[in-house]
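The first chain written gets the first letter, and so on, giving A, B, C and D; residue counts start at 1 in each chain.
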Amino acid sequence: MVNWPPHATVQRETIMKVGFIGLGAMGSAMASNLVAAGHSVTVWNRSEAATEKLASLGAKVARTPDRAVQGDVLHSMLANDQAVREVFIDGGLLDAMDPGTVHVNHATISVALARQLAEEHARRNLGYVSAPVFGRPDVAAAGKLNILVAGVANAIEKARPLLEAMAAKLWPMGELPERANVVKLAGNFMIVTAIESMAEASVLARAYGVGTADFIELMTSTLFASPVYQGYGKSIADHRFTPPGFALPLGLKDVMLAQEAGHAERVPLPLAGVLRDSLLEALADGAEGMDLSALARVSVRRANLDRRGSD
Amino acid sequence: MVNWPPHATVQRETIMKVGFIGLGAMGSAMASNLVAAGHSVTVWNRSEAATEKLASLGAKVARTPDRAVQGDVLHSMLANDQAVREVFIDGGLLDAMDPGTVHVNHATISVALARQLAEEHARRNLGYVSAPVFGRPDVAAAGKLNILVAGVANAIEKARPLLEAMAAKLWPMGELPERANVVKLAGNFMIVTAIESMAEASVLARAYGVGTADFIELMTSTLFASPVYQGYGKSIADHRFTPPGFALPLGLKDVMLAQEAGHAERVPLPLAGVLRDSLLEALADGAEGMDLSALARVSVRRANLDRRGSD
Amino acid sequence: MVNWPPHATVQRETIMKVGFIGLGAMGSAMASNLVAAGHSVTVWNRSEAATEKLASLGAKVARTPDRAVQGDVLHSMLANDQAVREVFIDGGLLDAMDPGTVHVNHATISVALARQLAEEHARRNLGYVSAPVFGRPDVAAAGKLNILVAGVANAIEKARPLLEAMAAKLWPMGELPERANVVKLAGNFMIVTAIESMAEASVLARAYGVGTADFIELMTSTLFASPVYQGYGKSIADHRFTPPGFALPLGLKDVMLAQEAGHAERVPLPLAGVLRDSLLEALADGAEGMDLSALARVSVRRANLDRRGSD
Amino acid sequence: MVNWPPHATVQRETIMKVGFIGLGAMGSAMASNLVAAGHSVTVWNRSEAATEKLASLGAKVARTPDRAVQGDVLHSMLANDQAVREVFIDGGLLDAMDPGTVHVNHATISVALARQLAEEHARRNLGYVSAPVFGRPDVAAAGKLNILVAGVANAIEKARPLLEAMAAKLWPMGELPERANVVKLAGNFMIVTAIESMAEASVLARAYGVGTADFIELMTSTLFASPVYQGYGKSIADHRFTPPGFALPLGLKDVMLAQEAGHAERVPLPLAGVLRDSLLEALADGAEGMDLSALARVSVRRANLDRRGSD
């Protein structure tokens, strides 16, 4: 693993001027931690309603995104490739940033866009740090995210106190930004696989008369006693797929980005093919607004268990 | 979940006459716990060498299996369907057991054989308890197994003090013995899926320059901080696939038994199809004597990473 | 390809004493051709009704199978491994045959059973020819089957005039009987793949508004103008899945036998995994009595097209 | 199927002023037929070398693409989405066309681009006909292509004499251009499936000692006696994968476009997942410059047959 400079070199007391763009459930919680850490934070969000909470905590609210980028470091947490592209490239926000500013991009985006952004920033003498996160909104609110960090060393160092204000741990991934992104995608691919695995296994057990809740309890309190299995397992056991924690269409997006990343480097991913089709089948059957754990509905449907009765 | 009689009804102090057949790494550790609990244990194993350790602990050693079955309860921990069939059905051991004896079968066998054994025992007025276990030999030695238990209630009650001497927890699965077996197979299917998932994801990351050990450490200390991921993940990170903890051919056997169980009840298992082929490819490439984690070699081979260099 | 003795060495005019066991739609048509070729044919079938047609053509009808095996050559066309095993091995029919008799087995069976039968016949000095066929009952009736032929050369030579009476062409596969069986299974695997391929492709087209009949007509009159595509394609286009030509459960049996054959020699078959699950899903949805082409219903169901409307 | 106006309404003798852009192996053969039919044809190609043959047949050669579009009908046969996008949209060629001109696009492109092109043409009052083709260059040269045709009726009517000069048959797909494209993608998906099917089946047979050439001959002269199986089958039997007829990377592109089309309408395509990974594995193993039939190398590699010997 890349060596990480010792903590002693960082001066946590330094107050910075920080921008934050994208205040969804995750971004809002992350920005709150920056405010709480004493930094001077200016936020912008497409729909203004989301800025109220941050304003009440002491953040400044920018009316236009270019007002949010005049600082030492700009964080962004946008939904997907399209949003990042629209705001930063097509929308011209990169051109509005002062040379030397560091942009910390937390979004789960494609490796292709990550590569392009690295070039676009370098060309403008902007720092670029790829910093996707693992953790749900409640984890973000607690400042306990696991943050993958990749980029040029001095850009990372500048952003480090900010990242630490949001993280349980920073995971350095080297200088190439795309590395943090591919690891994020690989992790999400593993999450979806874990859910599909519970879905198929629990339907097999159910076909023999074993209740889904019993099966899930056994597995997630023994062999698979980890956050991912326990969280999604509970939804499966309870047949409760709304409101979505991790929306199923976003899970499909990430599986497809993992496949794209695999394609670019000639890496076959047989499990991803299965996941993609199961997720598509879920969408075809009405799971657009449901949680990823609604994959379990597809396994039940395949085996036709609901029509056969039981559980 | 089936209601389980309160602990108070069991008299742990009762000393029983117990047989134990099958002293592999697991059986040997399990039988040791029965001896340690003060029961009168008679063991038999095909190759006699394996009986020495038990003899030194105080167990009696039977020269022929029929000598081991004269007691209150007989435990068996044999390798697979074929061994169980040869010893108990074709070998006539069921006919050598006294009516009323309870047979506790710990083997990971097919649901088809589980059904047949239930009938064969019932016909002879023998008790039958299906009791497959989750846990490696070190867990067995510590008496901390998770044991799935299915069978007629009074047979289970008779065997319960013995099962408790080996278990962290008993998981009741109802009266039909096959239910415990299908849950065991479903659990092993989930284990193999978890390994394949780490294998594919780590190769994706590696194709972008992220070291396998770094990737595995990240995943198994955050989202997937559970025994299965950590144990097999370590083997993958270290590229160390021998000696096998869980031998890869046995993993294939269990995936195929899960598919058979799925076939019998019309339950499609798309992930199992992927696992079966990856395991076969591992065997075609020389993994016969390796651990399940050698699945990782197949993903590397598919992407041709070793020839391309890196990691 | 194995050299085949020139036609000149065979005396077609020789009349032989022939037995025929198994008079389903295929067996009945095949036996008729032997009668028509002038041989002395004795038939046996489990249910006697099926023997009437052959009797009317001039065949003798045996009341018990051992009466049918007293001749030069015995043909059998039974449904599956279980039927072959019950009649020939467990039922003792091999023991009733005179040494030197040649048994020509037309059934689609596992390579494992093919290997066992080769040994069982050799041990009793019986000739054994594995001769599975490609062709539907109407092709059989016309004496135009493609017959795969494997076995010891002199056994094949003895049976050759009989085989030629039923065939458009004989395809020699060498001395090992199992080779003919694996080729038959590989062929059926290709058939099921072709059907699944039409099923998925036509649903994709239909989701964009292209009628299934139009799509199938295009494909099967251009790129895929071959008997398999045209035959099954017509059923898919017409949504007509009964009565079955090739029953769907038999197709699943053959895909599983191909997987078994692959397993025995460590040959992964990724397409077979997909086929197995699609066929299982078809059965879970009520296709037990339908034709293989009912695979198309599964693709429609996955995409939920019937609920969405169209076509 | 959409009703097709009777032939009598078309005046074949009408000579038209036609442009043709994209003179690869296919485009060149197709444009030749337009010249041969007596039309006044102006061609343009990125690399000028390819225009010589057409010039020698009597076509005019344009130096810039905008010179080729001044006529009644413009045909284009470009390699992929990117080339079409660059020339017609980003390159501004659509803006150089006179209102009323009909553009006949023969390229195999995504349904997404097909939809976009339909809009872009409509907005400029240009006719748009989607007309992808089935057939190799030799078939194109003979004027015997199967051409899928979709678009507004009067645009099709105008182009019809030209299409007929190149086709064995026109297959009307309705007014929505994307329909012809999705059918083309579905057809190519079926082609790749057929190849993978031969690859897997022949390796299964080979593992039992049956030569690949023997197996392929049997299948492609009986059950699968159609152009696709015979053409690609011969390459597999001969282990001859260069020069490519249908380049393997283009096959992967088309499978991915079929998956994209499936994604857009929520149509799972389990076979496509298998194909994608097999094609990727082929590329990872050096098949970049090979024919689609090089899929067979992947099956051999999976089963490790070359190291084991045989065939």
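Criterion: contacts are C-beta pairs under 8 Å (C-beta built on N, C-alpha and C of every residue); 3 or more make two chains touch, one makes a residue touch a chain.
Bear in mind the structure is a predicted one, so any value in this text is a computation, not a measurement.
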item: Identified repeat of the C-D interface (over half of residue pairs identical), from A-B, B-C or B-D; value: A-B
item: Which of A-C and A-D has more C-beta pairs touching across its chains; value: A-D
item: Distance from the mean Cα position of subunit D to that of subunit A, given in whole angstrom; value: 39
item: Gap in Å, rounded to a whole number, between the CA centres of subunit C and subunit A; value: 53
item: Multi-partner residues of subunit A (at least 2 other chains); value: 262, 266-270, 272-274, 277-278, 281, 284, 302-304
item: Pairwise touch network: line, ring, star, complete, or other; value: complete
item: Contacting residues of subunit B [partner subunit D, same complex]; value: 270, 277, 281, 284-285, 302-304
item: Subunit C partner contacts - residues on subunit B that touch it in the complex; value: 256, 259, 262-263, 266-270, 272-274, 276-278, 280-281, 283-284
item: Of all residues in subunit D, those that touch subunit C in their complex; value: 1, 111, 134, 146, 148, 169, 171, 173-174, 176, 178-179, 182-183, 185-187, 189-191, 193-194, 196-198, 200-205, 207-211, 213-215, 217-219, 222-229, 258, 261-262, 265-274, 277-278, 302-304
